[in-house]
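Next, two complexes with subunit A in common: one pairs it with subunit B, the other with subunit C.
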Partner chain A sequence: MAVTILGRLAARAPVPVFVAMGRDGAPAIEHLLKSGDIDFTATPRHANILLVAGRTRESDQPYLDRLHDQMPHPRATFWWGDAHSDDIDEARRSASADDPVAPLRALYRKLIGGSYASETHRLSDEPPAPWRGRGDHGQGGEGMMGGVPYGRMMPMPPTPDIRDGLALDVYRTQVGPFMPYWPAGLILEVTFQGDVIQSAEVVQPPYPPRDIDREPFDRLLHEQTPLAQIERTRATHHLACIARVLSLVELPTLSRRAQIVAARIRANETVAIGPLRKAAARAGLMAAIKPGLGRIDDDLACELGGPVRRAAGHVLDSRNDDPTYTRLGFTPVTQKQSDCQARVAQWFDEAEQALALASAAPHILIAQGQLAEPPWALRAPPLDYRVTELLPGLEWSEALLVLNSFDSAALCRMAPLETP
Partner chain B sequence: MALTGLVIIFITFFAGALIVQKLPTRADHHQLAESQKVPFLGGSSPNTHAWQRYHIRYYSMTLLFIAFEMEMMFMYPWAVVYVTEGVKALAEMGMFLAILTVGILYGWREGIFRWQ
Partner chain C sequence: MYAALAGSGVAIVPFSSASVLADLEVGIVWWGAVEALTVVVVFLHGWSANAQFGLIGAYRYVAIGLPVMLISMFMLIAAALPAESLALPQIVESQRGLWNVIRQPLGLPLFLLLGLSLSFRGPFNYADSADIAGGTAAEVSGAPRLVWEFARLAMLTAVAAMAASVFLGGYLGPWLPGPAWLVLKTATLLLVLVCLTEQLARISPSRMMTLIWTTLLPLSFLHLVWAGVLAL
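The block that comes next holds the complex of A and B.
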């Protein structure tokens, strides 16, 4: 009896969900953010439900399986989006048009109540990197520190340490594709020495820009589109980027607020970004980002285009030559430093400017086929420059900031899959 | 009588400790799977076992601390017996300090004293 009551009480707690963000999974997250009934966990260890939001690649399946197996019992997977298989029962999936909060809550109640059986593991129950020592108990082998533990010599760094000259061991591992504060879909093979990155390689590129951010710009190719919609999409895109940086500098409440503001802008509500910007400044957003961190040279900034180029001080914006925008008194905003701070400031400036333009011209239409500056460099080819070249020498927290200071299109161009 | 009491207390505590140790495993029907024992890397799995050596940054500071702190720990009792032992104590301390100095010199070569 007591256990039943406790079970019911436990089922009323916020649903602990770990989100594996696929392509176009953002609307699901916005639904969840609005409800406030969901507890987003930082790792699968603290979650009972794995939410796969949006489409994922076929090659991501083993990674999803590992995340699933890392959750404690009772556990279940919930699929949000249209692309998932019909084999999955109704309790564990939701179409992209639906609000996932109610089915998630129902699934959690069933899981805790025991009416829904906890899912068994999907991967074989074997250690991923078994210790293969030579000793009687697998404890290493000959010599000091286990001698030759993997049948090879102790790993030594491929490059001299850049910080203190100590030539000690490196740690090489894959990171990604589904982590908070991480570009969705990106898998990097990173070599650490302590907490300093020595080298990084792209194993899988990140997902391309979200469809909801592309839609008005794609539509403009075929039909005339309201300027307000274009500018609102720009603001929501930039706010989503800002939200990632805010969560990364340990300002989760403001990050949530930025995402909610983005969702409200998308829903055509009148919202101001100014208060959010002030709150972020007061909370020390810019102080948390080291000046000069992630600075890129002018050539790369010009190649990347969009807000990255303007954050480097280049007044290049196709809206500048558009008579519609000229009539509205549009002047491109720019920064100078071309570092992480400048790119975040540029997102804020452009988002505020976009909302001002949208409210100044609520009914103006942009003609079909006309070029409207997208919030990123759209349909651009991959670059020779790799994002992995920016990472060596940075500590892990700095590397995360650098990665998140680029929008997903810029990252995609700097992190294509290497062809052997 | 007192011994019997002690034995009973010992057996009680030992049995209690065993029960406390075993209880969680009895209650938990699902043992930890291998994937649950590895660190969370966003879905990726570690390439190497957790026993792989890696660079701990405070290692050099620890070395320095031990070099200086051990020196002082040994010097206090040494100072007490120095007058009675005489030259023998002086020679022993000299050898001890020489060994520690090797550690300090090694640290120096590795850049411990550089302020960062």
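The block that comes next holds the complex of A and C.
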């Protein structure tokens, strides 16, 4: 009886979902936050449903399988997007245009109620670092960790570190590609000392900007597009970036608010960003980001272009030369410092300006073929400069702030696959 | 273990002049032990996961938890000086004329930092934050996670009850019975702690360490000296 009541209560709780953002056809995940019915978890251990949004790279499948197997029972995978195969049953997939909240809720209820079988392991039940036997001197004995080549691999291999030479305080691990507040698709091989990064290498590059953000800019190449839609998409993109930064400074409520505002702007609702910005300022968002953190030089900022370049003080924006924008009195906003603080301030400024433009010109169309300034860095060949050069010496929380202060297009150029 | 520490912290809080679960002569020392063991327990929770983010959460917690614990002990010793006793009932009774929050205005705000630190919330969430995928709790789910989250809330309540007794006169107050005053004051402090959790951004661990060691700790020591001079 008590168990039945607890089961019913559990089924009514927000659905604990771990999101794996895909590369192709990734839908607007922030839309799910509007209902308050979905709980995005920080780790798969806290989730019952693995939500795969869009299609992932083939090489990411082993990582997806590992995430899946870390979820506790009962568990299920739900695919959201247009790029998934049809052999997945209806209860576990949704088209990107559809609202998946109701199917997710139904699936969760069935899982908790036991009418939907929990998914089994995808990987074989073997330890990732199996025991390699006993060494000549008894090292790596049964039940022990450690010992090279005997025993199990230790989480902290005895490697001298760059700061104080302590041998046991260094470990190397892969981070990514699916983690909250982490650039989707990016896999880094990171060497830590405590929570300080000693070195980092790119194993897999991040995904480019989402299709849903690119859509109006791509469409403009072929047909007339409303200026308001272009600017709303810009505001939405910037707010999604701001939401990640807010989460990283432990302001989850404001982060959620930013994502909800983004979802409402995407749904063509009239929303102001000012109150969110004031609340973030009151909470100390800028004070929480160390001045000078993630500063890049002028050459790199110019190479990257977009908001990154304007955050470095360069008044370069293709909208400046567009008569439609000129008639609306458009002037590019800029910052000076070219660090994380400046890039976040730039997102806020540009998002506010975008909404002002959208409301000032709700019906103006931009001619097809016109080059519209996208909300991200220039999409051009990779740069010599690697984002991983910015990370050594930073604490993990600072490193995440640095990574998240760049848009995905900038990261794609700064974190290409390392060539041997 | 973490929940048990919270429970043993609450046990020394007097509900009225005649009722306290554990009437210890050295209540403040007992609370100090609770704080110290909490640091150990949270570290073990992260370390035992044998995973990188749990370990990072554990490292960060110890780095911040230890100096915050020192601040808290300075505050509690300062509050014990007017009472000339380390027992919590005596400390509450010493506030019949004037609450410690008025007598020692720095005490309560600095002690509330401990509340955020002991239950790792908001600006002091270095152990279980989202940037490290849940940190020390990243590898637990189901019942163990439920107990862990319950323990965090229990520790937050224990800190609020302790602060209400040491700085807001505990069960002292007119018209209402003593336990009702204690519950009211504890609930008010819980509200303040929850607001602080939601309203303050977190700075990086190294900047927080600098802030604690160079500003808050000297401030708390000056506070102790001030309380000592007043008590003479």
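Here is the rule we go by: the second predicted complex is superposed on the first by the 371 of 420 C-alpha atoms of A that agree within 3 Å, B and C clash if a C-alpha of one lies under 4 Å from a C-alpha of the other, contacts with A are read in each partner's own complex, and residues count from 1 in each chain.
The criterion applied here is as follows: a contact is a pair of C-beta atoms (placed from the backbone, for glycine too) under 8 Å apart; a residue touches a chain by one contact, two chains touch by 3 or more.
If you're wondering where the values come from, they're calculated on a predicted model, not measured in any experiment.
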Which of subunit B and subunit C A:F192 touches, first, second, both or neither: both
Which of subunit B and subunit C A:A20 touches, first, second, both or neither: first
Which of subunit B and subunit C A:E395 touches, first, second, both or neither: second
Which superposed partner A:T43 touches (first subunit B, second subunit C, both, neither): both
First (subunit B), second (subunit C), both or neither touched by A:Q337: neither
Partner chain(s) touched by A:A283 [first = subunit B, second = subunit C, both, neither]: second
Contacts of A:P252 with subunit B and subunit C, given as first, second, both or neither: second
Subunit A residues touched - subunit C or subunit B, whichever exceeds: B
Partner chain in contact with A:S96 - subunit B first, subunit C second, else both or neither: neither
Partner chain in contact with A:L67 - subunit B first, subunit C second, else both or neither: first
Overlap of the subunit B and subunit C footprints on subunit A, listed as residue numbers: 43, 45, 72, 155, 171, 173, 175, 179, 192, 194-195
In the complex with subunit A, residue positions of subunit C that touch it: 50-53, 55-56, 59-60, 122-123, 125, 129-134, 137-142, 145, 198-207
In the complex with subunit A, residue positions of subunit B that touch it: 29-30, 33-38, 40-49, 51-57, 59-60, 110-111, 114, 116
Subunit B-touching residues of subunit A, taken from the complex the two chains share: 20, 43-45, 60, 62-64, 66-67, 69-70, 72-73, 118, 121, 123, 125-131, 140, 145-146, 149-150, 154-155, 161, 163-166, 168-179, 182, 187, 192-195
Footprint of subunit C on subunit A - complex, ascending: 41-43, 45-46, 71-72, 155, 171, 173, 175, 179-181, 192, 194-195, 247-253, 282-285, 287-288, 290, 395-398, 400
